[in-house]
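There are two complexes below, and they share subunit A, which is joined by subunit B in the first and by subunit C in the second.
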Partner chain A sequence: MNKKVARTIFIILFLIPSCVCFLMFYAYPIVQIIVTSFCKWDYTNLNNPQFYGPGELLTNYQYIFTQYPYFWEALKNSLCWALVGVCIQVPLTLLVAIVLSKGLKFSKFARNVYIVPSVISSAAMGLIFLQLYNARYGPIQQIIQKFKPEFTDSILLVEGVNFWAIVFAYVFFCGTTAIMLLGQIHGIAPELYEAGKIDGAKGWRREWYITIPLVKPTIKTVTTLAATSGFLLYNEVFFLTNGAAGTKSISYIIRELAITSSRTQYARANTIGAVQIVIGLLLVVVINAVFSERSIKKRRGE
Partner chain B sequence: MLGKKKIKESNPMSVEKGEAVFAYVVMAVICLIALFPIVWVVMSSFKQDLLASPGFSLPESIYLGGYVKVFTQLGIGKYFMNSLICATTGTVLSITMLSMAAYVVARYEFRGKGFIVGCFMATMFVPTAALTFPVYTLVKNLGLFNTRAGLIFIYACSGIAVSFMVIRNYFATIPGELEEAARIDGCTYLQTFTKIMFPIARPGIFTAAVLAWLNLWNEFYWASLVIIDKEKMTVPAILSQFTTSFATDYNGLLSAIVIIVIPPILLYCFSSKFFIEALSGGAVKG
Partner chain C sequence: MKKKVISMVLAMAMTAGVLAGCGGGTTAETPATQEASEAASETPATETASGEQEVLEFYHGYFHDEATWYPAVVMREIYQEFADQHADGPVKFEPIALDGGSDQVLQIATNEIAGGSFPDMVDFAGYQVPLAAVSQELVYDMKGYIDSEGLESKVGLNYTANQVDGKIYTVHDQLTTLGFWYNADAYAAAGATTPDTWKTFDDMAAAMDTLRANGAEGAYAYSAGQGSIRLFNTYMGLLNKDYASSALTADIINSEEFATAFKTVAAMDQANGSANASDNVGDFQADFQAGNCYTWFNGVWAAGALTEVDFEAKPAIFPGSVSIANAGGGLTISAGLSEAQTALALEFVKYMTSDEVQSRIFLEVQANPCNADVDLNALAADNASVAALAEACALANSASTIVSTTDSVWGGDVQTAIINKLIECSVEGTDIDAKLAELQAELTALIG
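Our next item is the complex of A and B:
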């Protein structure tokens, strides 16, 4: 067989399975989401979505933005969870990774223990926190009653407080990203610290001037992961409050509209899906811009 | 305070005393944070009447009735089996396909390569929830709704970006001479892959597989969406049934939670080396 043809066939055959999966699971659904977000498609026309007429093309978006009662609540919650995720998880991950990188006694033990919650599924952690917050036997309730003995409700139903109850159910468990970062810190050449020592970079200044700048790309990854996982939060909401008392997230309302709702509002679910994709990408773009060399130099006034 | 420090004086990483105290405080706090929820659930599962001794109180005597009930009534074994089947098959399928694609992308030049890589990497930023309805209908149309095969199909297709990136990076580090030598010795393209490159890239592929498997084992969103029959549910999905099936049997509920979380923890204890090496890109030894 002609060598060049054989090579081409080989390349194509090896790419086909992954490409088919990509097309079926990602490309086709995304196209469907975007196209049907301009369509009327619900329980009245289950099998044939139809485009809205010209001038009414944005009906679904209009409905979501102005009439659907939970969209703004969900968007606000999801964005706040993304922000809280970044503000708490990034410094915490960095602190844990730096502390563990010192090679002190027990640090391997602490590292192994800290990953345990990340090995358990977030569904199980959600269920465990549901028990911790239980109004009748949970330890958290006991603490609250020390300060406010008359409080007997579930904190998961107290608006505002339940937002933080959900946050605490996941925000401290960043074992996996801490290990990623730890791997990068271990990869830093010891000579750099040696040189830093001569220049007087000791103790925590050493971390600030040597370690952190050198692992910046991984910090960016950690930031992106913290922001997107907060923005896409679903499991914790489902297990802890099931969307009650002002805790719906974007992911939650998509699933509610598409599957749980008896009116099967497919097009509207896909419309929110399209919004979620766009905002998710915007978050990534913003994080990239914040971490780019240019913007850092600007802030330093160079 | 917490044991001697064994740090050599010449080590540039040497730690000052104040730093060490701070580091130990941080380590103690993170251990506490990580263990508190699990320890509390285990402790409370031994209490016969949770309402009589709520919160932090220690169990007066150890009551194992909940565990007996969970094993005799819930049949927890089958859910573990379902999880094992779905996560493992999904991982094998996905990693096999992606190894092939990653190899071709890492070692050959061809038109449209950049586009394919771009597409695969972009999947990292596609939120699962946004795909809910299209994937739900796709699985239905394929006749796979409410089957383990449907879930395996989703698992095989999802999580392209991370696995692809890890495996491609590994292939890219292998020197090209090996491949040329194999070709000169008369290996076909396929043989070069199966006999030479795949075995060499095993550590990278294994890393990707461990990460993928852990994700799929814990996956809740799709598992609770495409499977309706309790018999076919995976462990994370069955958890959502717990609060209703144990309505007021708090002891049973807590025992069931403990039984659900113990196997992954044990598995982790025995294989923490792999997990940690996989996560840290091989730089941290377990």
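Our next item is the complex of A and C:
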């Protein structure tokens, strides 16, 4: 066997496990979600999804886009939560990582404290925040009433306010991503900072011109994670408001159709799932485009 | 070279591992085992071909320990006694408590239904049998057995409420019976009229206003949210019982009765305040027990939690003598069992609805038994601890109008939509008419 053939076989053998896993656990479900979104599939034919004919192919999409009452509300909320994740969570994560990288006194302790909430499930977090926001005895309500004594309503039921109540229940917990960034920052060669110092890069300039550009690939990853976790938000919605007062999310309505509805509307749920996949991919594409070298140079006018 | 060989072996092992893992669940059958399995499938034998005892698995949600919820211990004892009685029979009865409770039972059943099967036997504990299980004929029709064994009165309300097209797929050994509980001392102190005098929902609303005006600082009139759907449900029953007990249609959604019921309850909720609204009545239990919530919408089964409060907790039913009683989903058997398994499953239904077990369910589990032959008052006469439960059951059972729960008739998604809109109306200044219009549009789309 010549070396080239042996090498090819060797590569293929190593790739097969990953390819099989990818096809089984990612590609197949995605294809099935998309295919069944063009089918009638509910409690009447659970084991036998029926493909709609050519004239009715978009029946589920038509229902979701034009009749289902919660789709646009859920889409708007999910996109806003994705945007909030990017605009608040990413800068916050970066700031925390930079501060922790300074090796200040108690920074190890602070790092551990910051990471602890990351090991708590979002469902448990939802329950904790439900108590914090409790309108009768929750501390948040009491703080609000210090400034506005006449306010007696539940903040989880006041439209607009409840959106931010849900945001605060997840947006600050980014210990894992902060550690990712911290690892990258620690990997920056000290010589670069020394050189920068000679060029006058001190204080915030040091971070702006040296640290941030060098950890940009990780910032892109963190941004993608923040956007997708905001877009896929479910537990916080379920535990805090159960979708009341304009707080439904895309993931929430998928469950509503597939599980809560006594008619087990799998096809309609998968239709929303297909839309979720497409928008999720678009988010990733947009983030990649924003972080590409070409677009950065263009913005700088180079 | 050595490294390369090791790498090759490793890669081949990984690939083989993945392919083996991806292989079908069925094992290659030797001619002998194939013959045995064919024989087993041809004859509904009581034992497997290898001579092993068949097993009837029964999933239920009574997993709690004594300190958490004593009735669960009693239910497990009842199940175990049946298992012991049939330990030497051809089929082994195996009760399995799921630590996710009845939610997990429903989840397991739903998952199996999606795959075209059904667990041997489950207790849905009030959850409806999924429509998909019925439409795919995955569940066993017990009506023939109930009729032939003369169990009509033993299964009680199940016989009518759970009969679908002449078939009975589920029997719930405990009824979901709902009125509510009130703090009689607080009502008296505030000068509010009591529920037994309420003829209309306006009477109730007036009493709630009195409680708010004259009640103690920090206390509130009632627990809204999940309680509100029960108010809405019973008001619909009072205005038009047919509407409250038939499938939701556009006519019902746009009816005068629907609008009146929604607006009345929404106005009551708004006066009561959004701080006192939750989609889980359990959130208000501590407040009711502490005397801070004067009216608590929970079922008769809550009697056990109210024996040690510092005030007189009395049961009541809704204005105009309306209560909610629902058999709901309960013991449900797979249609794919062997004859012997099916026979044991049916025997278990008979056992659970027997006078003896039903009396225990009333006395020890403190729930409303389905068996209509059990004399609750006679049992309560000898047992002071269940006096309040007996009173609550008697009130609910003798109501002029009895309606089913909203989720059982209209579906869980519809119920969630109505609860959410009522909860939204509880916020001060919310336009109730606008919320009604939104709800009507939502429900019309949901049933489409």
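Definition applied: the second predicted complex is superposed on the first by the 277 of 302 C-alpha atoms of A that agree within 3 Å, B and C clash if a C-alpha of one lies under 4 Å from a C-alpha of the other, contacts with A are read in each partner's own complex, and residues count from 1 in each chain.
Here is the rule we go by: a residue touches a chain if its C-beta (ideal position, glycine included) is under 8 Å from a C-beta of that chain, and two chains touch if they have at least 3 such contacts.
The shown structure was predicted, so the numbers you read here are calculated from the model rather than taken from an experiment.
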Practice task
Record, for the superposition on subunit A, whether partners subunit B and subunit C clash or fit.
Solution key: clash
Completion exercise
Counting residues of subunit A touched by each of subunit B and subunit C, the higher count belongs to B
Handout entry: Touched partner set for A:47, first subunit B, second subunit C, both or neither
Key = second
Exercise for the section: Check whether A:259 is in contact with subunit B, with subunit C, with both or with neither, and answer first, second, both or neither. Expected result: both
Exercise for the section: Please indicate which partner A:122 is in contact with in the superposed arrangement: first for subunit B, second for subunit C, both, or neither. Expected result: first
Exercise for the section: Please work out whether A:243 is in contact with subunit B alone, subunit C alone, both, or neither, and reply first, second, both or neither. Expected result: second
Exercise for the section: Figure out whether A:153 sits in contact with subunit B (first) or subunit C (second), or with both, or with neither. Expected result: second
Practice task
Give one of first, second, both or neither to describe whether A:63 is in contact with subunit B, with subunit C, with both, or with none.
Solution key: second
Practice task
Identify the partner contact of A:136: answer first if only subunit B is touched, second if only subunit C is, both if each is, neither if none is.
Solution key: both
Fill in the blank from the handout: Superposed model, subunit B vs subunit C, clash-positive stretch out of 114-122, 204-212 or 222-230 is 222-230
Exercise for the section: Go through subunit A and flag every residue that touches subunit B in one model and subunit C in the other. Expected result: 10, 14, 17, 21, 24, 136, 141, 259, 266
Completion exercise
Within their complex, subunit B touches subunit A through residues 2-7, 12-13, 15-16, 18-20, 22-24, 26-28, 30-31, 33-35, 37-38, 40-41, 44, 50-51, 54-56, 94, 96-98, 100-101, 103-105, 108, 110, 116, 119-120, 123, 125-136, 138, 154, 156-158, 160, 164, 188-190, 193, 214, 217-221, 225, 235-237, 239-240, 242-243, 250, 253-254, 257, 260-261, 264-265, 267-269, 272, 275-276, 279-284
Handout entry: subunit B partner contacts - residues on subunit A that touch it in the complex
Key = 6-8, 10-11, 14-15, 17-19, 21-22, 24-30, 32-33, 95-96, 99-100, 102-107, 109-117, 119-132, 136-139, 141-142, 172-173, 175-176, 179-180, 182-184, 186-187, 190-191, 193-194, 197, 202-204, 228, 231-232, 234-235, 238-239, 250-252, 254-255, 258-259, 266, 269-270, 272-274, 276-277, 280-281, 284
Practice task
Show which residues of subunit C lie in contact with subunit A when the two form their complex.
Solution key: 4, 7-8, 11-12, 14-15, 17-19, 22, 110, 113-116, 128, 130-132, 135-136, 273-277, 279, 287, 407, 411-413, 416, 419-420, 423-424, 426-428, 441-442, 445-446, 448
Handout entry: subunit C partner contacts - residues on subunit A that touch it in the complex
Key = 10, 13-14, 16-17, 20-21, 24, 42-44, 46-47, 63, 67-70, 135-136, 141, 152-154, 157-159, 242-245, 256-257, 259-264, 266
